[in-house]
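What follows is a group of structures, each given as structure tokens.
Below are two complexes that have chain A in common, paired first with chain B and then with chain C.
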Partner chain A sequence: MTLLEARHLYKRFGTIEALDGVSLSLRRHEILAIVGESGSGKSTLLNVLAGREAPDAGEVLYDGAPIAALGELELRRLQRSRWGFIHQDPRQALRLNVSAGGNIGERLMAAGGRNYGGIRRTAAQWLEAVEIDPARLDDYPRNFSGGMMQRLQIAATLVTGPELVFMDEPTGGLDVSVQARILDLIRGLVRQLGLAAVLVTHDIGVARLLADRIVVMRRGQIVETGLTDQVLDDPHHEYTQLLVSSVLPV
Partner chain B sequence: MIMLDASGLEKTFVLHLQGGTRLPVLRGAALTAQAGECVALTGPSGAGKSTLLRALYGNYLVDAGRILVRHRGGMVDIARAAPEQVLALRRETLGYVSQFLRAMPRVSTLDIVAAPLLERGEAAPAARAKAAALLSRLNVSPRLHALPPVTFSGGEQQRVNLARAFVCDWPVLLLDEPTASLDPANRDTVIALMQEAKARGAALIGIFHDSFVRDAVADAVLRLDPVKEDA
Partner chain C sequence: MQGYNFAYLDEQTKRMLRRAILKAVCIPGHQIPFASREMPLPYGWGTGGIQVTAAIIGPDDVLKVIDQGADDTTNAVSIRKFFARTAGVETTTRTDEASIIQTRHRIPETPLAEGQIIVYQVPMPEPLYRLESSRATAAKLHATADYGAMHVKLYEEITRFGRVALSYDYPVMVNERYLMSPSPIPAFDNPKLNMSPALQLFGAGREKRLYALPPYTRVRSLDFEDHPFHPGRANAVCELCGADNTYLDEIIADDQGGRIFVCSDTDYCEGRHDPA
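Up next is the complex of A and B:
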């Protein structure tokens, strides 16, 4: 039932070991959070898992097969159809001079959709699913607020029905009230669609809300892993205890 | 029939941020719970009652010992179970009532209470109907059901929490002070819910500071004492 597996990943940038022997696995329908401070290697790990960067050593297996063995075209196809990637900054994924409906429709067409009317209908449905008024189908995302742009990115990512989604700080840089709405949306959609997800966050509250399991990274290594509530309520490693105790209570 | 059988439990907290201070809390703790019975954990504060309860739920990891729970007809050791097995145990077999509700922004009271049923695959209308009935029984007014409980009073949140815990027919139910901060009428409702759970064959393990509640539901008492630091 393992969907994604990383074996002994290494990656060095200059003198920094961004990944220093990282292994992990993800099951179907499972949400895994990678937590740690900036510079811990968590974003590098996400990029390597998602096939966006190659490791110096080690391998990533998807459905039991190494992704390094895929040709560039096959990898792209996989990333566009069965995977999704949600960036912290939606501008990295959206085309701001293409309408909201166009941003969603593009993904569908890249996945083989050809019926214009059907694509428009699906795009409208997805706008509704992420709580954007379908009347804004022809509006440009450059005129959207940050939270709305992020919701549009989520719609454009999920429209092709991926089974695995990578998320890089999906609520970073948003106001707290906007964050809550996005988190609730992601929580609902992930469960409803039965997605597996790897989520990078420095926010322990986000991990608590969304993740089944957590890995804690520090200096390129996984220092602790377990069920989310185990790791956060009974942290064993010094660094995890520091992370958990540094959260201000509300 | 034995529903939960724990023995040899050891737990020491190591506080790295306090210079590696070691806090031994459980030393060889053991407990057996039978179907249809309630075991009350007693002892002074700091004796490890909550720690034991959390260990039984797989929330705190024990350093040694085993915790066998009857699950899908066999006995599973939650102290050694894989993460997905622990989640399956919590979905189907082990219920846990904490003292505080973890409210989520934007999620309605009704959906919070119905969630354990939905996770078990029950249809939404039936799950919501059960949730609404239980909320009403615990005197959470129907006009509050559609609201997220974030802004509710402490007592209201605790009753939402109790409704969420009792909405499923758990074979094993762990309860940490379920009647704290309840008025007598609601306390009596919770006593009735616990007695109904026992009557259908559930094993209950709980911490009840209120001796009235303890006398009303407990069939056995397990006394814990603080671990003495050995020299």
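Up next is the complex of A and C:
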């Protein structure tokens, strides 16, 4: 069952082809990693898939229907209920002067939640689910560590039970031990909730840990795609071979 | 008065304003931009309200102007005189005698009736102003009725203070569609906005926006099921008329720290202790 499909996407910034004929599909409950070096167009692809940017040509289909035909209102509704977007920098998504509970509750209230006690209980449960002490429900994210902020962003995104989550380098900028715990957390939640996810990363290790399938991008084009293990253990394209071999041996 | 058009503004300007007002009435609670004019008083003193009043006033109208509920404050007296001179209309301090009431900060205690128009002076028409710094984004949030952020604000108030501690400019939903700033009226007056028989017009001169509530429009103060809206009021009775159901001003009565509470609506208060 195809949940999300991209057909021949093109997007150009000045003279740079950020997307040069990209097609891909994502099934329900599947995690797809988009890997590639900086400037390969992977973040642009993610933004186009998530409806945050319009492609110059081509279309994105969600549940078989083109999202461009939805109109802004429907798209917004989709983005804030059935989809989620996790930014690399949680400060972009969170309100730093609003308590952790308020941040988690925002999507619930936008979806019509009007019971203060209920929103609080749900927020506390989600704090626990992302391994933050529920006693910090009324604390401000600006007093949280980077890792905690990222976990809060994950809770605030998943609270409405989306079926599709876009992740842009969710562990970028965190130190290695914190990264490992967040990856572990994401892996657990994604399986437990049966999410489909598109994950952008330049870290092959992150892709190996989380993704079912991998798409390798270079200069706006997909150069290789396949099951994660297959692509990483037996890369065919020379660029993929380079990416895989450039991972530091531990 | 020589050299001025009726009610100060030229007829073209009034037509522009009336078009905006008609549009505002058609889309209750939606902010309509208009070409706000320089007025002979500073922004923040009621330029928006005066322009709306000037656009709708006719020779047969009877005008009442209140500021903080009082008819005798500088601003109220000046605006009343302004229209008495430029339009030659009759003015009054009695709520039930007025056909147009221009107001800042209050809705009269005496219930408004069909056929009356109340004009609010609005400093900041955008209810999302403090939550969303970009006006373009705020407009999009209105277009998609994306008002989660305002509920987050109320959630934070309850979390910090145990209740929503907004005592004025308490946000309302109009017709379950548009989030609207009721201008800085006390939350106590919010219930009077709902299903009012009078036409309610809101003008913001500096921000160049106006909006409206046609008669009998549903207006709901935002709240939570388990923390219902509570119109705040000082726990006291009026020292002058003994009213226990009106909005009260606290006044320092001497230099020993003595304080008294009196009705903020001077016309209503006088009507009670000194029936004409």
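Here, the second predicted complex is superposed on the first by the 250 of 250 C-alpha atoms of A that agree within 3 Å, B and C clash if a C-alpha of one lies under 4 Å from a C-alpha of the other, contacts with A are read in each partner's own complex, and residues count from 1 in each chain.
The rule is simple: contacts are C-beta pairs under 8 Å (C-beta built on N, C-alpha and C of every residue); 3 or more make two chains touch, one makes a residue touch a chain.
Since the model is a prediction, treat every value here as computed from it, not as a measurement.
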{"item": "Joint occupancy of chain A by chain B and chain C, clash or fit", "value": "fit"}
{"item": "Partner chain(s) touched by A:G101 [first = chain B, second = chain C, both, neither]", "value": "second"}
{"item": "First (chain B), second (chain C), both or neither touched by A:G117", "value": "second"}
{"item": "Touched partner set for A:D233, first chain B, second chain C, both or neither", "value": "first"}
{"item": "First (chain B), second (chain C), both or neither touched by A:A68", "value": "neither"}
{"item": "Partner chain in contact with A:R80 - chain B first, chain C second, else both or neither", "value": "second"}
{"item": "Chain B versus chain C as contact partner of A:A54, first or second or both or neither", "value": "neither"}
{"item": "Touched partner set for A:R213, first chain B, second chain C, both or neither", "value": "first"}
{"item": "Vertex chain A, arms to chain B and chain C (CA centres, degrees, nearest 10)", "value": "160"}
{"item": "Contacts of A:I16 with chain B and chain C, given as first, second, both or neither", "value": "neither"}
{"item": "Minimum Cα separation, chain C to chain B, after superposition on A (Å)", "value": "35"}
{"item": "Touching residues (chain side chain C, partner chain A) in the complex", "value": "140, 143-144, 146-149, 151-152, 155-156, 158-160, 223-227"}
{"item": "Parts of chain B lying in touch with chain A, wherever the complex brings them together", "value": "13-17, 54, 58-61, 83-84, 86-87, 104-107"}
{"item": "Complex interface listing, chain A residues touching chain B", "value": "27, 30, 180-181, 183-184, 187, 209, 212-213, 226-227, 229-230, 233-234, 236-238, 241-242, 245"}
{"item": "Partner chain C, residues of chain A touching it in the complex", "value": "72-73, 76-77, 80, 95, 98-99, 101-103, 105-107, 109-111, 114-119, 138"}
